[in-house]
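Note that the chains are named A, B, C and D in the order they appear, and that numbering of residues resets to 1 at the start of each chain.
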Amino acid sequence: MLKLLYFAWLRTKIGIPEERVSVPDGVTDVADLIGWLRGRGDGYAEALANLDVVKVAVNQEYVPFTHPVVAGDEVALFPPVTGG
Amino acid sequence: MTVRVQRDDFDIGAELAALSDGDTGIGGVCSFTGLVRDLHPQAGEGPGTVRALTLEHYPGMTERQLEAIEAEARERWPLSACLIIHRYGRMEPGERIVLVACASAHREAAFDACRFIMDWLKTKAPFWKLEETGDAGQRWVDARHSDQNAADRWSELPG
Amino acid sequence: MTVRVQRDDFDIGAELAALSDGDTGIGGVCSFTGLVRDLHPQAGEGPGTVRALTLEHYPGMTERQLEAIEAEARERWPLSACLIIHRYGRMEPGERIVLVACASAHREAAFDACRFIMDWLKTKAPFWKLEETGDAGQRWVDARHSDQNAADRWSELPG
Amino acid sequence: MLKLLYFAWLRTKIGIPEERVSVPDGVTDVADLIGWLRGRGDGYAEALANLDVVKVAVNQEYVPFTHPVVAGDEVALFPPVTGG
């Protein structure tokens, strides 16, 4: 199981702030996870269409798309930040 | 180390007084306060365009990121004290969003560290601004290239 | 334009609130507060060396110089508001000596202008510090080359 | 008549904060004035011994030692400033 979190316009496009998912065996890194999520519906596909504006954190640390994901991870997907 | 992520406003005078209180080796305190604007000069929009902002954040990661940024600042400069307060939730034009303050024996360190923290915070702390616009609509604020460039400058310094 | 030269202390929170009050085009306020230190790290002196400072100044010229520095800052950066308060008279360690605050739509301008004003003020505003040292003596503080270098940096920018 | 002002350690060495003086005809610029002042006593000579640490303002504006002085001017002599 993975805990997935979505923020800002990724959240509004996907329609939910978080979910717990079981992913297929072939999903071993963030890129795999995003590919799999795109197939889950139009909202996901639209939110994840342009990876130039998608940031990823695994267990609350920024990671590249090549970072592995393993059971128990908290994976957050969100746009570039705009605080301050 | 002081990092606070909160819904409520803060009292700048009290925060700055507390920051330097009792440490008579401090020569200067540099602070930056970010405020909600009612317009976007970049987009050529005039006053009144933005009615309010809602700051969304990632509880847990936000605090970790701010603490990491503060730790990096303390490693790079000789700081006596440091404070980061960032609000979340809905705010109207003129309201305070963020306060960063750095105290040091030397004003150069206080200025540099404060600006560094703001630049890194702008590109690393997981906050997102949702604007309420004049036509009763909403829009997510886009990240600015100039903020990324400002943050990248600091990477070139010896760590 | 706001320049004040006064014996009394000031309230940073109230000053900063007044600075941006009513102008919702302001995105950020950078402030610097200078404090009396009880030591001189440069001279390798430890805490407690300085019991108090007396700031002497040149009434009339002080205000003119501070106003000229503020005007130069407003010419160089797009500032919404600007404040310089500098105290004179006797002050003990921990007391506030000076407050500079700059408000702008853009944080870069606020940071740059505030630092510029402090750097120029340090080398151009006619104030002199007399220290009361631990051995009940007095000594005039020497000007620092690093302050002159910091001020000179800004001359290289387009005026 | 000139109004002369002294600050910080120039004031303590010279012993007075200000004075009004009539200068000889040959005194036409700041350098002349300083030369003439040096002859007025040991305090003046000591205060004005090293011009690397003497700043001059005429009528409340910084000026170089070559700046003219004329009747009615307010001339201030002081060390490099140390405020802020």
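Simple rule for what comes next: a residue touches a chain if its C-beta (ideal position, glycine included) is under 8 Å from a C-beta of that chain, and two chains touch if they have at least 3 such contacts.
As the structure is a prediction and not an experimental result, all values here were calculated from the model.
Engineer: With chain centres taken as the means of their Cα atoms, state the distance from subunit B to subunit C in Å.
Structural biologist: Distance between chain centres: 23 Å.
Engineer: I'd like the Å distance between the centres of subunit A and subunit B, where a centre is the mean of that chain's Cα atoms.
Structural biologist: 26
Engineer: What's the distance between the Cα centroids of subunit A and subunit C, rounded to whole Å?
Structural biologist: Roughly 48 Å, centre to centre.
Engineer: For subunit D, what residues touch not just one other chain but two or more?
Structural biologist: In subunit D, no residue touches at least two other chains, as defined above.
Engineer: Mind pulling the residue numbers of subunit B that touch at least two other chains?
Structural biologist: Residues 34, 118.
Engineer: So with touch defined the way it is at the top, what topology do the chains form here? Options are line, ring, star, complete, other.
Structural biologist: Here the contact pattern is a line, an open path with two ends.
Engineer: When you check every pair of chains, which ones turn out to touch?
Structural biologist: All touching pairs, sorted by chain label, are A-B, B-C, C-D.
Engineer: Okay, in this complex, where on subunit C does subunit B touch?
Structural biologist: Per the stated touch rule, the residues are 11-14, 16-17, 20-39, 41, 47, 93-94, 105, 107-108, 110-111, 114-115, 118, 150.
Engineer: Along subunit D, where are the residues that touch subunit C in the complex?
Structural biologist: 5, 7-9, 53, 57, 60-62, 76, 78-84
Engineer: For subunit C, which residues are in contact with subunit D within the complex?
Structural biologist: Per the stated touch rule, the residues are 34, 55-58, 60-61, 64, 86, 97-98, 118, 121-130, 140-143.
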